[in-house]
Every structure is written in C-alpha cells, then in structure tokens.
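Okay, so subunit A shows up in both of these, paired with subunit B first and subunit C after.
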Partner chain A sequence: MKTDTNISGAHGAPVVALEKASMSFGPVHALVSADLVVRRGECIGLVGHNGAGKSTLVNVVNGRLTPTGGAVSYSELAAKASARNNAHAHASGVRSVFQELSLCPNLTVLENLRIPYRSMPRNGWRKTAKKMVMAALDQVFPNHGISANAVVGDLTIAERQMVEIAIAFSARDARANLVILDEPTSSLDAAIAQQLLEHIRTFCTNGGAVVFISHMLGEIFDVATRIVVMKDGQITEDRPTDGFTREGLVDAMGHVASHEEAGPNAHAKRNLGDVVVQLPNGLNARKGEIVGLAGLAGHGQAEALANYYLSETSAWRSTKTPKAAFVAGDRARDGVMPLWSILRNMSLLTLPEFSKRGLVDRGSEQKLADDWKAKIKIKANSLTDPLLSLSGGNQQKVLFAKALASSAPVVVMDDPMRGVDVGTKKEVYKMIRSEAQNGRTFLWYSTETDEVLECDRVFVFRDGEISAELVGEDITEENMLRASFEMQEAAE
Partner chain B sequence: MSQTTTNTSSHAMSLRDLVQKPWIWAYLAAAAAFGATMIISGGQGAGSLFYAALTFAAFSAIVGVGQMFVITLGPGNVDLSIPASMTLAATLALKFMDSNPSLIVPGLLVAIGVGIGCGLFNFALILLLRIPPIIATLSSSFLFQSLAIWSNRGIRVKPPEPLADFTTGGVFFLPNVALVAIFIAIVAWVVLERAIVGRWVLSIGQNLRAAQLSGVPVNLVRFGVYVTSAVLAGITGFLLANFSGGANLNMGTEYMLMSIAVVVIGGSSIAGGNSNVPGIWGAALFMFLIVSMLNSYGLGAGVRLILTGLIIVTVVAFASKKGYAA
Partner chain C sequence: MTREHLRILLPVLSLAILLAAVFYLQPRAMSYFGLNLLFNLAIPVALATIAQMMIIMVNDIDLSIGTFVSFCACVTATLVQDTPVLGYAVLLAAVLVYAGIGAVIHLRGLPAIVVTLGTSFVWGGLAILVLPSPGGASPEWLQSLMKSKPPLVPMAIIAATLIGVLTHLLIKRSSIGVVLQGVGGNERALERAGWSIVQLKALAYGLAGLFGVLAGMALVGLTTSADANIALRYTLLSIAGVILGGGEFTGGRVSPIGAVLGALTLTLAASFLSFLRLSPDWQIGAQGAILILVLAIRLLVTRREAN
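Moving on to the complex of A and B:
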C-alpha cells in the first residue's frame, strides 16, 4: 500500500470539476450542460442506459474530448475548454479503463505498462516495468497468476482486463488520483470482480477517487459513495448512494422496471423436443431449450461454443437452411464488419435465405432490417449509417438481430451481453424466451449470474470440462459458484 | 435527433455523392492527362489517342479486376503470379491453335483451363501448406514461367488470322478488346455490388473470423477469388498474344505492378474489404494516358518514370482520402 499512503491533498479536495460542460458532435448533443465535481476519497457510480452520454462524460473528464461548451478544471489548474485538457488530465493523475480493451496484444504485460509511462527511466526499464506491473497486479488482484512476460494476445479476455485495470491503478511518474472504470467487471467473474471492488474501497479510503460505470447495479450499490444518473446526455440525478433503492435507480435511468420477475421461477414448464445438440464433452440441448454455460470466465465455454458452431457450418458450402447462428460477445473480433452499414451487418448471415439466383434481394434485405430495427429497438437515424457509429449496446442489438433473423434452429451466444444496459437486457431476455417457445434452441454462455438464471438447464464449466449440470430449481448462484470452485480447491 | 439536418436538393446530393466516390479521381486524372496531351498536339489525333488508350487499358483492366478481388480479401492477399499465368496461358493456347482458325474456341478454352490450373495451384499452396499468399503466388509464378519457357522453346507461333483481326479490330469507335474488358468489368461490378458472393468477399476482407462466424463459406470464396484472378490473367494473356502477333516470354512483366496500380489508383482500399470496379477502368486509362502525355512532352525515360510515380502518389492520396470520408 506504499503508493496509496502518500497521496497528497485532503479528502474532499476536488480532482476535477465540470462546469456546464456540453459536447456536441454535429447535430447530436451527447452531453448537455453537465455539472460534476469529483472529490478525493469518493467513488462515483455512473449509470444510464446505452447512449445516455456516459462515455462522452468520461471522455470529457479524462481530457480526451474538449467540450464544445462550458469549462473543465483539474485540481488547482483551471483550464477553460482548452486543447490542453489532455495534458492537464494526465498531470492530475486521471486514468481510464475502457469497455473495449486497449492493450497492445502483440506486446507483453510489462511492455504494456511502459506505453502510458512515457517518462520511465531508460536504463533497465524492463526490470522496473516488471516490478511495477507485478506490484500493481498483486495489489489489486492477489493470486492473479499472470506473468509479466506473457504476451497480452495469449491471455484470456478476463486476464487482459485485469492487466489493464492494474496498469491504470499503478503509480508511475504521476500517481493515480482519479481512475475511471468503464464496465471493468463485464468480463471478470464474481470472485475477481470482488477483489477489484475491495481495491476500489481501499484506494478511495486512501484519498483516491474513482468513477465507476457498471450495468451491474449490485456492484454500484456495493462500492459507490455517490450515484450519478445520466439520461439523454444530461445528468438527471446526483445523490449519495444511501438515497437510492435499486428499483428507484432503474426508474431513474428511464427504463420501465420490469416487475414480472424472470428469475428461476419463470421456468414455465414447456414441452421440450428431441436432443438437437450433443457435444463430445457431454453438453446437450433439446429443441426449444435454453441451455446455459456457466463457470468462471475463460474455462473453455467460449471455445466449446466456437468449436460447435464451426463444426456445424462449412467453410466450403453455404446453405439456405443454416444449422446454427452465432452471436458474438467479443464484437470487434468475432462480430463486426467495421466498414459496413447497420443494414449490411445485419443481413450477412441471412443473405442466402432470401437470394434469387445468387443475387442479393435488396427489397427483402431492407424489409428484414426495418422489421428488426423496430422489433429490437435499435437507436439509429438510418440503417445505412456505419455500424460503428452506434453505441456498444446498439451494435450488440444488431448482432442479435442478425442471428435471430436467420432460420437457424440453434442459436449460439458467446457472452453477448457485455456492456449492454439493463433495459435492453430485459428486452432481449424476453425475445429469447419467446423464440425458445417457438422451438428454437439456445446455447448461452454468460459471465453474469442473472443471465444464467434465465436458462432451463445449466452446465458449469471448470478447466474446459463440465463440472456440474443444474436443472430447474437447482439453478442458483450458490450451486454455480460451488461447482466453479469446488474442484479448484480439490485440485490444489 | 435528426431535426437539425436540412434537406438539400436531390441534384446537389447527387453531385456530392459523385465527388465522394473514390473512383472519380482516377477518371479526373485520366481526363487531365488526355487534355494535357491534346494541348501539346493542338487537338490533333484525339480520336486515335482515345482508341489506343482504350485498347491498352483493356488489358490492364481485365487483370486489374482479378487483382481487385484478391486484394479485397484483406491484408496480405495479392496475386503476384498474374504475369506468369498470362504468359503460360498464352504460350500453351497459341501452340495448341498452331495458327489454325478452326481451333480458336478450343484455344480459348485452353487459356481458361490453364488459368483454372494456375489458380488451383496457388490456392492449394495457400490453404494446404499455409503459405502467405504473397510468397505462394510469387513462388508459383516461377513455376508457371518455367513451364512456359519449357513448352515455348523460343518458337513464336503466329495467332490464327481471324483472331488476330478480331483483337486488333474494333466496332465503330471501340476496340474489340475494350468491349471484352468492359463486359468483364460489368460482370465483376454485378458480382461485387449485387451478388451474395460479392458481399462475402467484402466481409472476408474486413474480418475473416467474423465472416466465418456469420456463415460465410470462407474457403470456397477465397478459392473462387484466386481461380478467378488466374482465369482473367489467362484470358488477358490470350488476347494480348493474339493482339501482338504471338506469345513471348516477357509479355506479362509489366502487368505485375500494373494490376496492383490500377486497383489502388482506382480507389479500392489496399487494406481490403472496400473495393470498386469503375475505378479500375479509370485507372487503366490513366496509366496509359500519363505515359503518352509525358512522351508527347518529349521527356526522357528517367524523368518520365519519376513523374509517373509522383502523379500516382498524388492520385492515390486524393482517392484514399475521399474514400475514407465517404
């Protein structure tokens, strides 16, 4: 904890202050007249649905964007919306961890620390960097098991996230005074997320400040001292955590809180059909069943799904009746065509189904996209806009629509809800239920417990193998955690 | 959210759309080169220059279309065996026809067959031996070239009379080879813009893994693209040999860089996933006209090459900038 004890400045001293900050991108007002002061020792939970302006607010705070109106000031340095916000933010020890991971995959863990630490002494920098990155990792995630010399590309997505978080908290030439965490736990499992929350608490107690963005409300209530709610580019609520209830918070975000509880009790008895999926590791699914793949992140669930999908499809033939459709969780790697419009991204999988002599039927393509835009409520001005112009959650909706629009009897989902807001999740859950009712089978890998609770049957993975199969009433958080950890203890 | 966007007239929109097309710059550059040549000649020989440009651009355009599909497949994909495939196809086809007019159609089929063989061989190297496409096509081009040398043995077979007449002749203002090349370009445009296969090629160029996870038969598409490129090279070799009175061993040499240059100048992304067909014709015309312009100004070979290089860089800079803005 040596790095934390010498943070200067009293508790309550402002690290950064926004005064009527506004940000417009052409006609889009992403941030409207936001007032926000982040003080030492506090952890701000920032919530809002997709496209509410959270990312913009964060980018104004960390100096990456210069607001088009209003002022931002860092510590004592007052800076009128100037182009040097970036430098001020850097000097004030403002660090950010983004939802889309931003490490260099071809470099090692220690080399990735070297990149943000520009003024690191040249002599023997590898040794210094190694020491620093290991200290940071040990401090935030004790027993992490990550080597400083590991190439980032070889790490699991959870490990990459851990490295990025640790680097953000590490003391470099400037100390970390304010760390912005945008969905940091989305790819971490419960135990590791807990370590992070623990560290945030310590960090704030020692005078640091944290802005914590998460769609997991439990975590927000767990760690935040103050909650800021955003809606349509405005800060609508800014109160201490005590002043909120979960229901109240969901209401404040503007989504109608769904009262029809969709927990394990919602497992209405359905007539399931024959077994349609049978994997070599024992995983099976029947027609119309929603099968969950659970367990700690990175224990072979994603590989099992990808292998299943690739074995069901051919790299040499195309078919009008695909056997399976895939919904990617790692969008940039597995799902998105970055140069294409929403329309083209959405129709790629279904093109052969409505083709005429090998040509794209553009009328059907447009109709399909219009239908799904309305059905799944994609927030976009035009379907011909680039997919990347959408917020992360809306991009994910497009990928959902792509898979659900196909006639495939099995839908494979590889942790598809990373960074999707609560309201959207509820809508998607409902859609999955009704599709299952119509006889579609879902294989659903998720790192979030409440999603796994939506499933009819759950296979818990551990070290690439199935450690438990849970059915109906047995699908509980405790049972899943037990199945994830039990064998780990036995093995050690 | 879109209340602030105002409606512009449809006419203004179409003009703006046109300027945003990446291929427009190749045509503007070609027109400028044509105009500059006309200034020095005082407007004389416009018709014959245009005719010659269409003729020679036709050969570049056909190989350019094949190369475009390959480059669209994404980083690292390029077909360096085009010159060798051209030479091999032309050599074998002319030897087979042996100046006999009754063997013209089978001769064309021989050229196409050689193209298919070359494409199969290239893709076998890429897929089965996992050799990077640049290396695979480069090494196979040595093989094809050696085969051509071995079968040719320095004999220059004259093309059949009617075929020579066809390739050097024309209808009205248009050379026959240009008509063939325009037809091929139109087919390629339909494939790229309207067909499912075109979507597949573009998707693979953007994100191979995501394409595969979206049900795109990636190996089939890549296979088809490499075979198409080699077949188009074979057809070009066939036409060029008949046009120039027989196959010779270095007839393809300049088409290695030419095929890549017309793709890039035409506004297709060298990184893959974003290509267009019209630009290839514009660029092919430009590449011919720029040389004839510099010739008509009486510049030496060295200066000519330097200027050609500089002008290409300028056009590519414009084309790629506009391409990303769109």
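Moving on to the complex of A and C:
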C-alpha cells in the first residue's frame, strides 16, 4: 500500500495552525500565546526542558486539549476553540505516538489497529486490518519480523513501540497528514531508529508533516527541517534547522527568566560527614548533604530513588527508627492516606518511635503534630480535619512534616514540589537547608531547575544512567541541559 | 506455542483428567445418558460464567450474578409462565438495568465490587417478592428444549459447545468484541481514540445481563421450578470458572471457550467427589482444593513462561 504518493494538498499547505493559543490549568499557564503553523512537507523538531510546555502544545495540536485562549484551525475544518477539536484533528489526519504506550497488551497486533480505526468496515475486518498493519510495518521498519497475529503483551518493548509508530503512519479512512512523535526512539536500538528517521524523511518529502520530540539532539538535527524551542510555556525560537548549532540550541533552551539570583547561596560551606548513601549506579551522598537528581523526566531518577528507598526499608523486622523517609511527588498515588485526618497522616511514619507496647501514645502524637504544624506553617483550622480539606500545597507540607518529623537520617524526595506554589516552595527550601545543617541527608529528584540549583551536588540522569556529576559552581542550568540531551550524532 | 495456547490448554487438560477419573470410578457414566446427567446442570453455570466473564473482561467483578440468576429463574417460573408478555418485558428490563449499572459504575467511578454487592441484595429481595416460596413452573417450550434428546450427542454437550463457540465468535473474533476486550486492556488508549467508554461498559454489562437471564431460564428449564435462593452459589462458581478457564482478573484477558470449560470442570468436580463417596460435608472444601491445585499449576506454568 503506497501511503504517501497522492496526499491531497500541495507542499507548504498548512495542516494545523495555532493562533495565540493559550492553555491554563487553574493558575498554571502551561502554554502562553503560542503561534505555530505546521505545513505539509516539514518535520518540526520540538525541544525544551521539563515543564517547558511541549506536551501541552502537542495536546493542543492533536485536539485533545481545547485551548483556553486563541484559536486552532485544521486543514479540513476551521475550529475556533470548539469542543470538537478532537474530531477535527482526527479528520485532518493528525496522529500521535506518546511516550507511554497506548496499545492494548491483551490484543494482537492487527486487533490493535481496530482501536484507533473506529470506522473500520465490519465485513472481513481482520483481513483488512492485517493488510494495513503489515503494510505500514513493512514500510516504516523493513524486515521487522513482527507477526500480525502476535499478542502485543508478548512483544518486546521495542517491538511494541514499532507497532505503535506503524499504526500511527498507517493509512486508514483518513490518511496520516501529521504525525506527532514524542520520544519515539527512546526504546528503539540505533539501527531501527535510523529506519524510522529514514521513513520520516520520505513521509515528509511526499507531503506529510511530522512533529518530532526527542532528547537526542543528533536525531533532531538529522531529521528536522525546522526547530521549535519552548521555554516556560512559550515558543521562544522557531527557525529552520540550518540556523541552529548544537551549542546554540542548548543555550536557547536554558536561562529561564532569571529568578532573583538565589542559586549558589545554598552552597554555603557546611561540614559534610561520611558517605551514608552509595548506590550501584554511582550515586552517593554524605551526611548532611543535599544531593540532586536531575535530567529530563522519566530517565530513571524515580526508579533509582525507589530502589534505594525500598532496599533500606523493606526488612522483614521493622525497626523503631526508620533508615530513610520518603516524600512523594505523586501525592494521590504514594503520598497521602486520603480518608485520614491531617494528624494521622502526619504521625504515620513516627508512630513506632513513640508507641509503647504496640499502643499509640496519643499525647505525644498530638504534641508532635502541633509542633510541626507551627514549624512548617500548615494552614488548617484543626488537625483533626480530613487531609483532603487542605490545598495541594498544604497537603504537600504535611508530607514533608511526616518525613522530617521522623528520625530517619536520609530523606528521599521524588519530585515533591509538583504543583506547589512559589511561597510554599521557598519555605520548604529553607526547612530543607536547616535540616541539612543538622546532619540530615537529602536525595532530591526534581524536574524544576531552580530546585536543583539548591543542591550541593547534582547527578544528571540520561537513559537510566548517570551522565554527569556536578558540584558547587558547576551546577548550572546550562550544564544540566548539556548532560540531559544526547549531544552525539545519532549512532549509525 | 504462545501464551494464548497455554492459557486454553490448562482448562482442556483439567477437564480431560477429571473426566477420565470419573469414568474410571463409574464406567457407566460413559454413555449418552450418563454424560447428559453429568453435564446438564453445567449449562446454567456455563451461561452465568460467560456473564461474569463479560464483566471481568472490562476489569470489573460482579458479585450479584448469583442472586440475579435466581431472580431471573423466579421471573421465568412465574411471570413468563403466567403472563408471557409481562414476563419477557421484565427480563428485558433486567438486562437494561444491568447495562445501566455498568454505565453508572463508570460515570461515577465507583468500585464495581461494592455496587454489585449492593445490587445482589436488591435482586435477592426482588426474587423473594416475585416468588415468596419455592414453586412455579417452567414454560413448556423451555422444558422440552432443555430436556430434549437429540440423536448421538446429548443436549448438554451440544448446548455447551454452542455457548462456547458463539461467545468465542462474539468476543474474540467480531469487531466490537475486540474493542470490548480493549477496554480491559488499555482503557485510556480507547478513550484517546475517541471511543465512549461509558457505552462500551454499558454494552459489556448488558451482555452480562443477557447471559444472566439465559442462565436463569436454562435453570428453570432443567429444574422445572424455582426458588429465590436457587443460584446463590453461582456468584463464586462463575468467578472460579472464568479464572479456571484461563481468564485473569485484570487486563481484559479472558477466554470464552475456557470459561465454558471451566464451568464444566467445576460441575464435574462435584460429581467426582460424590463418586468418591466423600461426605457432602467435605465436598465444598474439596472443590476448593481442586480449584487451588489447578490455579497453582497455572501459576507455575505462566511463571516459567515469563522467565
């Protein structure tokens, strides 16, 4: 099946156009007045640091999010912030491949084509689906060796990713006009990734458009005709690839509107003790040190923390004093006890320390909670109120209080400031610093640069491994970006 | 051999082994009449198991299937027998209510296990209202259908085969069946592709209701009368049947043919224990032991496969 030969519309005709599109989630402005036109025949490389607004932009383009301001128009139908952007995007042949796999693992490869192809004719659908999915696979990844009847759950991660990409490029009722690929090569080996880049080039030559997000700058320079740089929810650069150098691109991503130079003050000399944490991947921390884990989200930082924390605390016999305490970033999943009161949530970790013969000492529990409420300034009427009555930032403070109140010598923090307002952040930074003075060690994974700048030492992660260790003056946003993005040529 | 094949192999093997054991203990069971006797009560169980499978397929679980089948049996034995139009209307309404429950569970984000536990009392109460004391009668056509004696192969075997093949075509082969399985596999992917999860869940629950109704009717056809507590055991039997047949509680991995085989195996296990002259006091426990044994074997097999 020749997908690409007769796509309607000439090169250069716009597929999607954003006009001053803005997207706010409550007080958070994820996308600020973005202008972007995606034309046939071009491949746009989209780069930016964590939280720069890449995924919001992509979700506005594919119609999943309806912008709160501005307009989106598609080649097929102009739609002004209508609730049916999703349908328009679909009709215009806009397809997306996301980082988290969106295949059904219990279905076969050909059956998975049925999910996005909603208007598939009923009669002989298996035959049609098989032909389509195999044609797409053969075209994008020649010699892929994947059978149409294989159950997706039995395939390797790379094969699943290949199937998903092929399904996005496949011809269905509407042809693929714009394919959005979010880190498509993250689980593919170099040879397969080359096949994909090759296909993107032919697809674009034949009049298709691609938006390509990758942390491998080599790939971006290899395939993109235009590079769009995002920062703080804004599109800051939008130029042909020729106009960029690698160094220039890293510079363009960095330098977030400078927050009053608070950075290095954190590195005031402290007496650091012995090494108390030593992980097999090379990460280590000394007593009283604040160690940051940086890099793009999803490159193994959370796993490294979880592995360390679980190995320290999973003994069969629990001890009175925990070896490590954990502050969750994903509160709902691994932080709070949603039905419990503030008090109970706060004392959860410390219960063994002040319980006698298996009974909780209510008096000291209350005292501890009162102390911490004052210390960390939790805005609550009463500590017996349900935890969920608090605002997000105050809930997060409770989780900090829970961890800091324990006598654990190491505190593990998994991006704990997600969705917390600036004021709260400042208070918590101060508290972390003073706790570190008192000899407590912090392992701090953060996706926000100004938080990482608070650390004494930073390990930058890339593809599950540590790509750089930065100390003191070297902890700069530029260095972190350099280490987060693969600077080498895409390997052949 | 893929994991799918292994999945179906275990129920086939466990049924075959159990059947061989029964034939060894009681050679006279190896006849047209014997087989019919062994398996005819498995038909309503198989239908209820398919109903449960529809729910498990979309990652939920139904604790009300037993009382629902009892309710349907009571309606069949009274209203359908006396005032057919009203009777069938009630059964149709019951299917729609089931679909509605599915929609509500999804829309409100409620745990299915709690909601269906609640509705199980409702169905139980309605069954008592319809038929306060055991009795009623089976509609003529139903009785003659369930007790018919086709040549060569007993009715029980034909019915079980039919149920298995038809639901296999519906769930595993048809276009909409695959989408329904997808709900269990990756709900978000379907949502992204623009499917209405509410409609799909309502469809799955509606199908469960439909098979629950069929189970109730088949049961009345066999026993010729009903009782509000007639099918209480079906709730756990149906869950066990789905799992025994190679299904899993999450991930939309179910096998209709396996589910029917699982139901047959569970019914046969009861007969097997009687042939062993085991005291009825111990039978439930022994049935549980058989179940644990089979599931343990399956776990071992799939673990090895995974490594």
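FYI, the second predicted complex is superposed on the first by the 252 of 492 C-alpha atoms of A that agree within 3 Å, B and C clash if a C-alpha of one lies under 4 Å from a C-alpha of the other, contacts with A are read in each partner's own complex, and residues count from 1 in each chain.
Keep this in mind: a contact is a pair of C-beta atoms (placed from the backbone, for glycine too) under 8 Å apart; a residue touches a chain by one contact, two chains touch by 3 or more.
Computed from a prediction, not measured in an experiment: that's the story for all the values here.
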Touched partner set for A:L107, first subunit B, second subunit C, both or neither: second
Comparing the two partners subunit B and subunit C, which touches a greater set of residues in subunit A: B
Contacts of A:T205 with subunit B and subunit C, given as first, second, both or neither: neither
Subunit B versus subunit C as contact partner of A:S355, first or second or both or neither: first
Partner chain in contact with A:A328 - subunit B first, subunit C second, else both or neither: first
Partner chain(s) touched by A:R317 [first = subunit B, second = subunit C, both, neither]: first
First, second, both or neither for A:L339, with subunit B first and subunit C second: first
First (subunit B), second (subunit C), both or neither touched by A:V151: second
Shared subunit A surface residues [contacts with subunit B and with subunit C]: none
Complex contacts: residues of subunit A adjacent to subunit C: 64, 86-87, 90, 102-107, 111, 114-116, 118, 120, 122, 125-126, 150-151, 153-154
Subunit A-touching residues of subunit C, taken from the complex the two chains share: 2-4, 173, 175, 178-179, 181-182, 184-186, 188-190, 192-195, 251-253
Contact footprint of subunit A on subunit B as seen in their complex: 1-5, 190, 194-197, 199, 202-203, 206-207, 209-220, 273-274
Of subunit A, residues touching subunit B in the complex: 27-28, 306, 309-310, 313-318, 322, 325-326, 328, 333-340, 344, 348-349, 351-352, 355, 358-360, 381, 402, 406
